[in-house]
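Supplied in structure tokens, the structure appears directly below.
Letters A, B and C mark the chains as written, and numbering starts fresh at 1 in each.
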Amino acid sequence: MTLLAVERMKLLTTRSPWWCALLALVLTIGFSALMAGTSDAADPMNISATQFGYGFGLVVIMVMAALAVTTEYRFSTIRATFLAVPRRPSPLVAKATVVALLAGVVGEAAAFGSWGIAKLIKPTSDLAINSSYDWRAIAGVGLVYAVAAVIAVAVGLMLRHSAGAIAVLMIWTQLAEPLVQLIPKVGDKIHKWLPFNVANKFITGNPDPSARDVLHGPPPSDAVLAPWPAIAAFAAFAVVLFAVAVTVANRRDA
Amino acid sequence: MTTLLATERIKLFTTRSPWWSTLLALGMTIGFAALVALNHSGGPLTVRHSQFGAQFGLMIVTVMAALAITTEYRFATIRATFQAVPHRTAVLLAKTAVVAVLAAVIGEVAAFGSWITARVIDGGPEMNLVTGGDWRAVAGLGLVYAVGAVIAVAVGTLIRQSAGAISVLLIWPLLVENLVQLIPRVGEDIHNWMPFTAVSRFTDSTVPGPIGPWASLAYFAGVAAVLLVAALAVAEKRDA
Amino acid sequence: MIEAVGLTKRYGNTLAVDNLSFSVPTGRVTGFLGPNGAGKSTTMRMILGLDTPTGGSALIDGKRYRDLHQPLRTVGALLDAKWVHPNRSARAHLAWMARSNNLSAGRVDEVLDLVGLTGVANKRAGGFSLGMSQRLGIAAALLGDPQVLLFDEPVNGLDPEGILWIRKFMHRLADEGRTVFVSSHLLSEMALTAQELVVIGRGKLISQSSTEDFVAMATENTVKVRGPQLTALRSELGRAGVTIRDEGDSLIVSGMDCADIGELAARTQTVLHELSPQRGSLEEAFIQLTGDSVEYHTDLVDGATPATLVPAGK
């Protein structure tokens, strides 16, 4: 518990988490406002369209999470951290927890903020949250952000450099995953099991029977898992990656 | 100017990041070409297929180019630089030129390397460089990488922080440009004029667009020039 | 010759350097003295054209730094020894600097030799100790064989050997007829190194004078007189019109030197156990002069002089 408090203080006494959180909120809610403002009878506003900025928020949150650990290496405060708590896994788990919690909170605020502003701009459109799909599309964002933050912390921990960690995270999520499906024959099969594609399934999977077009929202997923197993698989992947990162950090000279 | 170019060349190649960036970009592009050629089925392998990894290479090159300037700020060597040569615009132009030339070389080696690799694995008549489009797809890559590097140096100079510059440089082409087209009504028009989308019409003639391939490249270069001028103006005024 | 005229630098509401004018004479070591946060580094950055002054100007031999052609040949500077890419070797760092001002590659080896880094020239600079980094910084400053040299707190954090080395180096540079401008927050260090002193506090000029004059002005020269029976001497001194202060069983006399007091003691047949000149500590003098302009205060300053340390209006 003490360690969680320590990591919370460390995270929130620097500026980058605040900037990133603010940026994530502005981007997600701003895009929702843009979508709502430009919607009309032909392109009506729907639940998925309110979450148009979901992908932006996700990358910003991952940058924030990666920086939370790489800046410790950048300024050598990681040494101070390990001096204060020599059992290294504990502070690292605490850090991942705190970062994931912040990511979750930002995700919920972004998702409900986006939904709220769309409702405000287009009060007549059908934005009621009824089905389990609707709930996952909005409330699920925080969960995905939290797990993604753990992945980003793990990558940051392994690479220790801001530039490298951010480049890997961006290229992996935004370029490698979508491009893989273009590889002939095997591409689609691989793509179905890539972690961020699987995570999207939780948000966009099993649209409700009213058949709202999900195309205006976060990218639809071709993962074969059902939504809840999908988020479980995504979380399991994050845990494994993080465990590897902690093992590496534990062995390495600080 | 030759002095400054030589200076910047020494600076670039006496750090490690350009070396591993080059290796990574070549590995990615040529590796993907091999992967695609090996797994290909249904229809002949074409020149376009061999350039599958071009976008990866471009992203790595922009990261390398941004780091070339942000690490100067990170380690405050920019002050030593401006102390040695107080004409900041000249220094930064020399740096931009050196980085762009390296990017162009990487682009050419990556493109021809990919093309040759794919050809060796599965070379049919469709793998020959016949049309202008074929040539642009392969030989044009160096130009795209060079201009992309200029944009990256400009953004790096403006932002001065590796993390911020790289985030912007990766999120912009990979996410922003693609997502804007989903905005109702105006999205498609905006998307057509996004710089990285525009330049994809230069190397890939199958992408439809409002202007031709060379005009698209010119537009991309124009965006780079505007950003570079802004960056130079800011660097000239700002305290180092 | 470096000349600052009305140099001013404002960051938001803070005036880091406030209408600062001084000149650094050619061919001497001039100390740039002030407490931490007084604006010394900002001033040096403005002299080197790195920061743009909000007002005023700094000229080197009548030119702005930015107007110098191949400036490393005119001015060498070491502002921060850590301004080096950690993955670059010492030689590579000097090589690009040399190339930028068209200096021969051979010069790199010369300066490496001069500062004693030849053995580690190909090692990455990131692994250097502070002392080695400092030597590399000095090598970079000397690269263009400049007549004017600027050093910002060069002895900070160095071990005694390193401090001695730097001090000798400064003297050697001055002996070669170069102009050396070196900043420090330690008056004792400057008293050993500098012939001239520019003293600033809170961005404002406090004084510019020779080091001797500054020390004389800043410190009160007194004589301590101790003995078993001083009544006669005391009244005799009183007649001479000097200031006398009691301190335990001794007298602290100001306004008369040891020789005269000795004569007087012989005339009054006074037995003396001690007759010694007292020099006020340089640091005390420095604190007294700059006391009003110290940027950050602690309440831990020894109780004797708190009044002078608290600036007016705070």
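Keep this in mind: a residue touches a chain if its C-beta (ideal position, glycine included) is under 8 Å from a C-beta of that chain, and two chains touch if they have at least 3 such contacts.
These numbers were taken from a predicted model, which means no experiment stands behind them.
Q: Based on which chains touch which, is the overall arrangement a line, ring, star, complete graph, or other?
A: Contact pattern: an open line, chains touching in sequence.
Q: Which chain has the mean of its C-alpha atoms lying nearest to the mean of all protein C-alpha atoms shown?
A: The chain sitting closest to the overall C-alpha centre is B.
Q: Hey, how far is the Cα centre of subunit A from the one of subunit B, in Å?
A: 27
Q: Per the centroid of Cα atoms for each chain, what is the distance between subunit A and subunit C, given in Å?
A: It comes to 54 Å between the two C-alpha centres.
Q: How many angstrom between the C-alpha centroids of subunit C and subunit B?
A: The mean C-alpha positions of subunit B and subunit C differ by 50 Å.
Q: Of all residues in subunit A, which touch subunit B in the complex?
A: The touching residues are 16, 31, 34-35, 38-40, 42-43, 52, 55-56, 59-60, 63, 67, 70, 162-163, 166-167, 170-171, 174-176, 179, 182-187, 215-216.
Q: Any idea which subunit B residues touch subunit A in the complex?
A: Residues of subunit B touching subunit A: 32, 35-36, 39-42, 52, 55-56, 59-60, 63, 67, 70, 162-163, 166-167, 170-171, 174-176, 179, 182-186.
Q: Sort out for me which residues of subunit B touch subunit C in the complex.
A: 3-4, 6-8, 10-11, 14-16, 71-72, 75-77, 79-87, 237, 239-240
Q: Please name which positions on subunit C make contact with subunit B in the complex.
A: 45, 48-52, 65-68, 71-72, 77, 79-80, 82-89, 92-93, 95-97, 99-102, 140
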